[in-house]
Amino acid sequence: MRDVHVRVVSPIVTRGFRKLADLKALEYPGISLSHAEIATGPGSIESEFEAAMSVPGTLLEIARAEREGVDAVIIDCMGDPGLRPAREISGMVVLGPCQTGMHVASMLGHKFSVITVMRRLIPSFENTAALSGLSSKLASVRSVDIPVLDLEADLAATARRLVEEGRKAVEEDGAEALIFGCTGLMGCAAGLREGLLAEGIDVPVVDPIPTAVSIAAGLVRAGLSQSKTTYPAPPEKELIGYDALHRAMLPQAAE
Amino acid sequence: MRDVHVRVVSPIVTRGFRKLADLKALEYPGISLSHAEIATGPGSIESEFEAAMSVPGTLLEIARAEREGVDAVIIDCMGDPGLRPAREISGMVVLGPCQTGMHVASMLGHKFSVITVMRRLIPSFENTAALSGLSSKLASVRSVDIPVLDLEADLAATARRLVEEGRKAVEEDGAEALIFGCTGLMGCAAGLREGLLAEGIDVPVVDPIPTAVSIAAGLVRAGLSQSKTTYPAPPEKELIGYDALHRAMLPQAAE
Amino acid sequence: MRDVHVRVVSPIVTRGFRKLADLKALEYPGISLSHAEIATGPGSIESEFEAAMSVPGTLLEIARAEREGVDAVIIDCMGDPGLRPAREISGMVVLGPCQTGMHVASMLGHKFSVITVMRRLIPSFENTAALSGLSSKLASVRSVDIPVLDLEADLAATARRLVEEGRKAVEEDGAEALIFGCTGLMGCAAGLREGLLAEGIDVPVVDPIPTAVSIAAGLVRAGLSQSKTTYPAPPEKELIGYDALHRAMLPQAAE
Amino acid sequence: MRDVHVRVVSPIVTRGFRKLADLKALEYPGISLSHAEIATGPGSIESEFEAAMSVPGTLLEIARAEREGVDAVIIDCMGDPGLRPAREISGMVVLGPCQTGMHVASMLGHKFSVITVMRRLIPSFENTAALSGLSSKLASVRSVDIPVLDLEADLAATARRLVEEGRKAVEEDGAEALIFGCTGLMGCAAGLREGLLAEGIDVPVVDPIPTAVSIAAGLVRAGLSQSKTTYPAPPEKELIGYDALHRAMLPQAAE
Amino acid sequence: MRDVHVRVVSPIVTRGFRKLADLKALEYPGISLSHAEIATGPGSIESEFEAAMSVPGTLLEIARAEREGVDAVIIDCMGDPGLRPAREISGMVVLGPCQTGMHVASMLGHKFSVITVMRRLIPSFENTAALSGLSSKLASVRSVDIPVLDLEADLAATARRLVEEGRKAVEEDGAEALIFGCTGLMGCAAGLREGLLAEGIDVPVVDPIPTAVSIAAGLVRAGLSQSKTTYPAPPEKELIGYDALHRAMLPQAAE
Amino acid sequence: MRDVHVRVVSPIVTRGFRKLADLKALEYPGISLSHAEIATGPGSIESEFEAAMSVPGTLLEIARAEREGVDAVIIDCMGDPGLRPAREISGMVVLGPCQTGMHVASMLGHKFSVITVMRRLIPSFENTAALSGLSSKLASVRSVDIPVLDLEADLAATARRLVEEGRKAVEEDGAEALIFGCTGLMGCAAGLREGLLAEGIDVPVVDPIPTAVSIAAGLVRAGLSQSKTTYPAPPEKELIGYDALHRAMLPQAAE
């Protein structure tokens, strides 16, 4: 039985933000990981505008992944940009880390909170919960309110703030599981869990990318993929300005 | 007091689909209407994929409209493509006909149904209702299941099917107001209402574009626009492959 | 095309509370406003009891308005007293400022709060949200807790308290749009918005009466009115003690 | 320990519709029943308009009941007209048969349906469920669609139609308990249950008035009444046109 | 007409925890009370584990009660352990104090809170609200966080903490009725209500066991019991390790 | 890296119902499966009563599994009996196939339906959806209404009925993914999917046990387990009648 091949597609044009070595560290028996970035779109995603502008480039990479025989794709952003159109243009499993993390957190605890880095993203998380049917499981979305550029400048301060908001989510909002609401700082989830344990708070912390990778592999092994009744292939028709994408979507053609 | 200027932006590259004369017929004292189409994107929108691919071109036209001093923009598609990013990049009122029509229908009757043309669009309507908080007001989404190209081929048959599904929505699903769920056949709403009245069924039928135009004008007159806390301007940063849009978004520059 | 004629009906017997000049200031091209008060009922509305006792007098004025050819009526109280029976006895548009304001606020921001003057009204606002299907959009109802008679005594203090509760609604409850929850102090909405802007909080503040007037005019222009399936005319039958109302409801008779 | 005294107040001016003997038949050890009708208002209640017009007269009778030392009042109409204002003006238990019946049905079965006599009342039942927090327990509201005057003309046909709709509620809508949605035909609930049992369908059928009487007595025995935080006494103030009611509400005065 | 006989079944093996005299004090004309404890199971219930382990013993006592001709059983624990299986194996009324208290509190006030003794029980209360359809009526669950063994050690301190959390539930969470969330300290509800009144807070406080007893008697008087469509009798089949229970469930046999 | 060891615990005393060979067929690289049955409890589970009676025996097997170093346990019944207490007494992953299947189905399609074998189980599925926060994703629960003993007697007829109800779930109820709602007929999910594809209906069909196994393995690989804040260990105390279970729960002792 061959390995399940999961590809993480980062929907930004910034190179080196996501390191292949970090993804390789997530591999376990029966699963192999690869990575792709997009060529057109935003440098990072901090708004609905940037999320929307990342979609054409992301769909191109997802179409390429499917032609290369990848089994599952994870869209590497908590806004799950392009999740629904990607599922229309492909038969392989496509998961967004936000929707997936919310379902997993709901399985693990009575209610969950998201700890994120920018207040402006709160409606987006609440919308994903609503579309996933999980509004009643979302205790709160909390933000550390640190400018993105400062996040890595003082990692200790960032970690302290994450633990502080995590604690408030549990003690004030009733969260019993947490989602680390940013794919950028992969690995921070472990630090958040440790920091909370040190304060006597024992809740699982979902790290969205590793979790989505594991769930995607599980779905592939269970022979499941997204519903083609919910996500039927789009009709073939005129599409101006996106030739590369159009070519990549042709089932048989070489690029 | 000058007229309120509302622009209808059709998020498709097909020319002539929306006729300016039809929009001009919607003008009334104190309001003037204009129209724009997009240059890059799909020929029509029948999928989440096409909706997503229409967004960059639509945002470009909305940025242009704001620089031209337009007071409000209506995105001319029931998928409301690009509504949230458009509200981030502009201060003028931006409305989607689907979300607006659902709020209006909820004001008029106890519950409403959407009568649309393709089964595959049903999840999209249910998602818009969920994001608008109106799931409990949505009695059903019903589809006439006629291929788009056949819709205009036999308009009498289309009209009969619309009335048939409208009647079922009222009698079987409990709808007490209807939304005509396609901006393409503007004017069909009136025919649907007449057809139902002829069968003794008296429910308002929301025609999404004229309704959104009137509501947009009302919001402008009331001095209201979308919340800049929900829709803050995106940060300025790298955006590869969308130079025209980037230029149009600059507040001071000439194109 | 003639003007749309909107009448504001104040459901209280106190004269001079609502000034016609204030309503005239809301007129814009294509719309004219008029005003009526009731002859039997309470001096003001601060309870469910007073709201209920205002209904017979209010329905009488609404029946009169329709016979005079008015296009739309706004019931001038955030309890929307008599909204459903009024819609049964008339074909013209009848709106309540609370339900209308909630739908408008939901269109403008992700969630909204109501800032009102008495704690005891909180259940009433939550009930209106529930009946409108908007419970998930209502972030909170906050009250300044100032006795009504003191509200105008120290307007500066009232304004400060409104801003204070508005700020808490945004920062603690997650509101991204506000409704000023009292029709009595029309115009305070603008002051609340200014006061919040001065603290760096940029959210739309819905002033219920001007907003309901604009939306009513928009519905009239779009050819829409409440559903006669939800609000069918009441059967003709005995009604003891309300002769004037009964006469006013007769379609053909002179008063 | 003295008997609990429950009064049924019929909010209509028609005499003889509710027979005291039928109420006396509901008495059991420890409870006594009395009856009142209103002097001003509608002859029967088939619309929101008539429900609203019944409220002033109903409140007068409830104020009188409290002064006479009654322990609990049941408002004798499935629209629960005046329930909230009545609870504001009294300290004794006031129940509406619709809200009470819905809570009881929710305790007895997984979901419940209401079987009523007029389609136009459906929104009213759904609104009561929403205000009671029980929308997810309401499987459906079904109507036999027989004109009121014909209901008693052919009682056998009425009974057959009730059983038919009850069966559909169970088999098609998933109801596992029923509420007989009309206080007028008290006793029909038993017939409906028998008719369904004869078809092999074993579900409890809530008869709203007897059930509300028993629950009211239970609340009195448990020392409970409506919350004075939800239903505080209305402020004393001007009320034009309702002198008798005003007098009845004075705590100390004789009428 | 004979008395209604209600039995309180305490699902724990600890003797003397529930005193018959305290139950006898709840009797009123037309009702008599009895008591039973279980022989196998936990000493007290503070976890889902203990609740589950109490069920076989509880079902045995409920089967015995029915054979003895009891009219209604109350399961004496706020986890309502075994409520659904008990309703399957019996035709008499079976109520849980938590579900019953939540429906009663919802009838009395706009929203309710539960004041309980252990944080770990919060999900259980929220689950009961969800299963009862009452999530939107549950303002909060608050815990005094006092170890069970200390609750009675310093009753004055316990009472102060209960009032403190009750006050916060009303002032911070919007509760307008309270449920005392522990059947162990029966009678504390009255003290909680007095303590809140002393602070000017007038809300009903539901004491779950007396309330469930009164409601059970009311249901019996109204001729109602749980739906046999929701709770059909289990099929007869092999059940290893529970001989006493199996025998008690046989309809005709002597034990 | 060693294999993940997942054990399937069948909560019934019937031997041979679940075959180890069928479970071994689900193994893939990195995962090994084992099986256990219970010694006390029901022969099969068709009621809430039997589900409750299976719990003590099931908890004993789960305590044993943890002491043997198993990584995850699946409770082999769609009622998820004992899921919450099992999570309290163990640190390893414990999943129920119903809750897990519902979250997976929600990830794959817009809405899902459950196709099961007995009408009486419908409330149980709806309750699991409510507790999982997924009521809005549950399109329907449909039953083939074939007595359990006849299910295997005519497998072709059973398969036809499953396809028939699956088709209705998609076409009438709006399901876009299905869950095969019975763990007994493992493998039927594939037949249901094939049968629907033959009728042109392309929806994923979740086979609950294989899916739960894959998801459990994914959670183990992602380092996640149930929240110890939601599921804290029960306090140590008296438990009469369950000595074997008590011993198995002791962390250090030999049995």
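Note that the chains are named A, B, C, D, E and F in the order they appear, and that numbering of residues resets to 1 at the start of each chain.
We take it that a contact is a pair of C-beta atoms (placed from the backbone, for glycine too) under 8 Å apart; a residue touches a chain by one contact, two chains touch by 3 or more.
If you want to know which protein each chain is, UniProt gives these names: A, B, C, D, E, F = Aspartate/glutamate racemase family protein.
Please read all numbers here as calculations on a predicted model, not as lab measurements.
Chains touching both chain B and chain C: A, D.
Taken together, chain C and chain D share the touching chains B, E. Within the list C-D, E-F or A-F, B-C finds its counterpart interface, over half of the contact pairs alike by residue number, in A-F. Contact count check for A-F and A-C (C-beta pairs in contact): higher for A-F.
Among the remaining chains, the Cα-based centre furthest from that of chain E is the centre of B. Chain B and chain E have Cα centroids separated by 52 Å. Computed centre separation for the pair chain C/chain E is 44 angstrom, with centres defined by C-alpha atoms.
Counting partners per residue, chain B has 110, 123, 127, 130, 135-136, 176, 230 as the residues that reach two or more other chains. If you check each pair of chains against the touch rule, the ones that pass are A-B, A-C, A-E, A-F, B-C, B-D, B-F, C-D, C-E, D-E, D-F, E-F.
The touching residues of chain B, when paired with chain F in their complex, are 122-123, 126-127, 130, 135. Interface residues of chain A facing chain F in the complex, by the touch rule stated above, are 1, 3, 28-31, 95, 99-100, 103-104, 106-110, 132-137, 170, 176-177, 201-204, 206-207, 210-211, 213-215, 217-219, 221-230.
The touching residues of chain F, counted against chain B in their complex, run 110, 136, 174, 176. Note for the complex: chain F touches chain E at residues 13-14, 39-44, 46-53, 55-57, 59, 82, 84-85, 88-89, 120, 123, 127, 130-131, 230-232, 234-235, 237-242, 245.
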